[in-house]
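A short worksheet on the structure shown next.
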Amino acid sequence: MPITVKTTATFAEAADLVAGNRAARFLGGGTLLMRDVNEGSVAFETLVRTTEPARAIRTAGSRIEIGAAVTIAQIQAERDLAFLHGAARLIGGPAVRAAGTVGGNLFAPSPYGDLATALLALDGVATLQQGASRREMPLGDLFAQRGRDLRGVVVSVSILRPESADAFRFRKVSRVKPKGAAVLTIAAHLPTSGGRIGKARVAYGAMAPTPIRARAVERALEGRSLDRDGVAAALAAAAEGTDPADDAIASAWYRREVAPVYLRRLLLNEPD
Amino acid sequence: MSRHRGRGMASINYPIGMNLGGDPSQALVHSNPSGKFTVALSSIDLGQGMKQVTRQICAETLGIPIEDVFVDTADSDTGPHCMGSFASRGTHRAGNAVLAAAREARGVLLEAAAEELEVDPGDLETDGRGTIRVRGAPGKSITVKEAAQAGQFKQGRTIAGRGIFLVPLSPVDPETGEMSPATCYAHAAMVAEVEVDDETGVVTVVRLDSAYELGRALNPRMVEQQLVGGAWMGVSHALYETPEPYYPDPKAGGRDFVEYLMPGPGDIAPHDIAVLERPAPDGPYGGKGPGEMCANPVIPAVANAIFDAVGVRMDTLPITPEKVLRALKAQGGARPQHRAGR
Amino acid sequence: MLEFRKDYFADERRDDLDVIGKGVQRQDMLGHVTGTTTFFDDHKMAGMGHLKVLRSPHHHARIRHIDVSQAERSPGVRRVIRGADVPRNLNTLLGLIGFGKDDEPSLATTKVRYRGEPIVAVVADSERLAHEALARVRVDYDPLPAVFDVEEALKPGAPTVNDVYPGNAFEYHDRFDHQRVRFGDVEAGFRSADHVLEQRYQMSPIEQAPTETNGSIAAPETNGRFVVYTPTQGLFFSLDTCAKILDVESNALHFVGGTAGGGFGGKVDSLTEPLAILGAMLTGRPVRYVLGREEEMQFGGPRSGERIVIKDGLMRDGRIVARKVTVWFDSGAYTRLTSYGAVKCAAHVPGPYTIPAVHGDFYCVFTNRTPATAMRGFGVTGVDFALECQMDKLAALAGMDPMEFRILNAYRDGDMKAHRREAKNTALVECVQVAAEKARWPIREEFRRASSRTGGGGERARIPPTPKDTSPPKRTAGGSTYTPSVAPPPASSWDRPAASPPATPFQERFAMPPPPPAPMPRPASSQPPAPPPPEPADRREPPPPAAPGPGTTRFSSVFGTRRR
Amino acid sequence: MKTPVQFRLNDQPVAVFVDGGDNLLTALRDGVGDVTPKFGCGQGACGACTVIVEGEPRLACITLAEACEGARVETLAGLRRGPDLHPLQSAFMEHFAAQCGFCTPGMIMAAKALLDRNPRPSREEVVEAIAGNICRCTGYEPIIEAILAAAASARRY
């Protein structure tokens, strides 16, 4: 049987189709799913897509809501999302960025998902369409449920707007330039007040099966300043709670070993 | 200080062609009635430039413009036998076959011209621009087209030639390894300069300087293609590539061009190349074949440069950041040598 | 940036040819930039079937049962192909030239020997339908212990990977589990050396990774023939391989190719052509079999991994007096071309240096991984890495500059090489000199003035006395119970006797004196051209002529005319 | 069940029938017969199938054909105007920026997508533009130089 493609007018209908059919997948930009189609996966038979627009980017107070169908290329072109340009530029080539979406990136398996890592550090909260209703789900919860019992289709992601350009930092370490899969990715939101960090959010990509928060690092940064002494405890805790893989890009040992080095370079704004 | 520069060098040679069961290639060359020639081969152009290099050999030998020769590599029905395009044998073996075929075709062409001009074929010369002249008699000439036409419509000649080049089998002595593995060799020396990050083990190739000797450079632009692309592949082999990253443990092999690591367009180091040409006595116009060898010297040069930079010997390929970092940790940190070329 | 150093070897060249030496445009370039270059997959035919194969998930397993009944009923399936459908389901690529024994099935029947080995092929109306049918094939396996390390594979008790070679090593000359090089007395060399350095090196496998994957399209043609569109690197090599496997005459096949989207050695093995043609034979339709990228990356056959041990004897003055090299090539589960890569390596040691005592053992070892094959420089790339890293270490031991160290030891015209042929047309010295100059790497005057054309020959042209290797000739296939499932192939025009006669009678020699180091080459200025090498006094037989045999012509590079 | 898809290919209307799940590469190569985009991986990882859709570079192999209904699609087949080569094509020739030629169609289209938006790119921008396109032969340098030369050429197309 060829694949069946079902195109719906609304996310609600799409969510229904996906929910009622274990062999159905929601198709976003296609960068992940179309590959599976091409390689003959028989794990699914139906692709569900929707024509309901989800490419809006809205600023509301301290947060920004990004539609799930917003592409990485669109982020690069959006002035309000300048803090994400550095992350967006390091994902795929231009053709992948023109296809890949914010919603899809949340489901990219490690070592992919660099944007998702950035969104996690920015307190990302996804809006999921489940049946006729929508509910919000913090990205941490979404990643925990991903691939298991997560139901629904992501409609948008809401993130914090960093208070200053320097408050959000992103580093992607890859073997290949200008783009390649991550050895590790670090995203950090580092609000400071009087030179002291408060409520840091640090996220890693490629350090676990999904993007994860580096909670030990966050704790160690609380109330500290961004200098050599101030970050020392955070660096010591850099690999805590991580569960990286031995994959084709790097080994788990290597990822843990260099995590503190790259974390320091990020925190102290040192060159890579 | 976490970044250290170092330089390393290596020098190599490389056999042209192979030694297995005899190593033949054949070629057929023929003219249409307009004096335009086709070379029929079953050799393969996989990007190395087989079509163009044999085209130039044919045009040079026939003494006609390059535009008047077309090389067809496509078809087993029309192209005579060739072992194939591997072992750096294409230019040398197929090139020699084309040379022989073109020489035979030239002989017929000149005979046809001689008959029209009523001279001895031995008195004729070609000008490389489509005219056949009587040596020492400037006014007396005929175009290749006219000669081909006359040959085919008046004289009943096939303006054609056959060529084979065979390197016969050289048996390998079981006890001593005595054999004739190749008839000529290309050479190279490479200097690589690297920067090593001693905190992460990341190695960046910052510069390459090289000298390659490859017999006569039959087409300098194509030689440049091979050397530039081949050196890139050498860097790739040195630092990036393997389908088995945990070899001999067979796990976690790359499945695509993201997981299979190679330098990207942002990883290119300047490469300054000198080409030396010592013609091979048995090569077509002295050509050897730069295709395979150009990647080889880069790999050890990079390894030796890493030693120069941080004092660790990297004896396992590919030299990944992990391997460098482990070696640095075992050594207790970087120990710059800075002995190379200073 | 690229410059031509026309000042070197100018007296051996004429630089006034019409088109040779000119950077004129490639014949294929306009096609490339306009997209009109025709690759194999650009041929489109009506009614084309698509072939895909089921691959083993196990590294090593016995196949208990294959059930294709569901797959045969799967929508759009034109034919399910199993090993029994392949006329001669056992082949070795170099069997065409009588080198090695048939050891690899097109489709596995009783055992799988590497993860990814093809077992069942399906021809269906689309790739999707072929994939769906393959998902319905049921195979019962008994997993077997697997071996992945070349040295482990050679130990007693290691699992047998390839039943044709029960000892897990390719068999050379019907008697050895390795190819040997014996030249001079290395043990004496080590005894006389000031330093002895032994080091281990390893290269992981490397994938050719051409941007176009392997594939082919086969279709019935007139007169019972089949046309095959293919990116093979050897048109007739592939054609004759297919004729053998499919048990048809070679003129039943019409191969169209000659243009490949990269190869790098990865398109020598005829990975897809035999099954594509068989599919066309069994369905009467055009059949297209194109490898996906993951198949190409993991199951297409890389350059073999190599483990290399080098032991060198070095004098204080920088001369290398003995070199012993052992290389284990990881051939994977079957032979393909690695058996030849090891011979190529044997001919390559000790690298481009003149060393009076060289000893080499070269093993082609079977392990439970994707069979290795040719790749750009195979047999040489890995050992060059090892040799040149070793040279750097030796230079440090001798306290010499690495460039000068290489020039000192470089082979020169007239020197005897370890494979017992005279070095000619050498240019290593000049390459090192020019590379040093380009890199602004200072070397001393005497090394700047050295030449490949002087300083060689003489004593250096001698074949040194070589003690007989008294180690027992390890046979590999003692007591093999393997019985081929098909009759031996008919003699083709390429067939050669499997065993090559030795080139020269090997002479037993005992109680040899230690070899003298290669005499130091003298500076160019103080040395007349090297005299022809004298006949070694202790040889009873002259070396066979290095000159080409019948049918070979030699061409002067200078005048383009024949000369002897 | 085949599904009809109509789009504009190189300024010409085309219609093809596709299977569900067919990608744009299949629609172009097997449906329309435009074989200039190449299959190098089907994974969105090599760039050999790069085409331009609605002005953006896209990988045809991971683009659902049905999603291109009504879209403007450009391929290498449409680049040349009559006998005149596009400046990128001329520059690739002059710089010997192809060997096997298999990556060339995607490479040129990726470069065109860049130059259409940014006629005077820096070297870094050129490198960025071809970051998703694998070349195994050239070492990229001639390609980068060719694209920069095309951008610098006075000839407008």
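Letters A, B, C and D mark the chains in the order given here, with residues in each chain numbered from 1 onward.
Note that in this section a residue touches a chain if its C-beta (ideal position, glycine included) is under 8 Å from a C-beta of that chain, and two chains touch if they have at least 3 such contacts.
This one's a predicted model, so the numbers in the text were calculated from it and none came from an experiment.
Asker: Give me the set of chains touching chain B intersected with the set touching chain C.
Answerer: The shared contacts of chain B and chain C, listed by label, come to A, D.
Asker: Where's the contact count highest, between which chains?
Answerer: Of all chain pairs, the one joined by the most C-beta contacts is B-C.
Asker: How big is the gap, in whole Å, between where the Cα atoms of chain C centre and where those of chain D centre?
Answerer: Their C-alpha centroids are separated by 36 Å.
Asker: Any idea how many Å lie between the Cα centroids of chain A and chain B?
Answerer: A distance of 46 Å separates the two centres.
Asker: Provide the C-alpha centroid distance between chain B and chain D, rounded to the nearest whole angstrom.
Answerer: Those two chain centres are 29 Å apart.
Asker: From the mean C-alpha coordinate of chain A to that of chain C, what's the distance rounded to whole Å?
Answerer: Measuring from centre to centre gives 45 Å for this pair.
Asker: Among all residues of chain C, which ones touch two or more of the remaining chains?
Answerer: Residues 25-26, 28, 126, 128, 209-210, 260-264, 292-294 of chain C each touch two or more of the other chains.
Asker: For chain B, what residues touch not just one other chain but two or more?
Answerer: Within chain B, the residues that touch at least two other chains are 46-47, 49, 221-222, 224, 228, 230, 233, 245, 253-258, 260, 262, 264-266, 271.
Asker: In chain A, which residues are in touch with two or more of the other chains?
Answerer: Where chain A meets two or more other chains at a single residue, that happens at 2-3, 38-39, 178-179.
Asker: Graph of touching chains, which shape: line, ring, star, complete, other?
Answerer: Graph shape, chains as nodes and touching pairs as edges: complete.
Asker: Which residues, counting only chain B, touch chain D once they are in their complex?
Answerer: 46-49, 221-222, 224-225, 228-233, 255-258, 262, 264-266, 268, 271
Asker: Where on chain C is chain A touching in the complex?
Answerer: Within the complex, chain C touches chain A at residues 52, 75, 126-132, 134-135, 292, 294.
Asker: Quick check on the complex: what are the chain A residues that touch chain C?
Answerer: Interface residues on the chain A side: 1-3, 38-42.
Asker: Give every residue of chain C touching chain D within the complex, in rising order.
Answerer: It comes out as residues 25-26, 28-35, 37, 39, 41-42, 44, 126, 128, 209-213, 260-264, 290, 292-294.
Asker: Residue numbers of chain B touching chain A in their complex, please.
Answerer: Result: residues 199-201, 240, 245-246, 251-255, 258-267, 320-322, 325 of chain B touch chain A.
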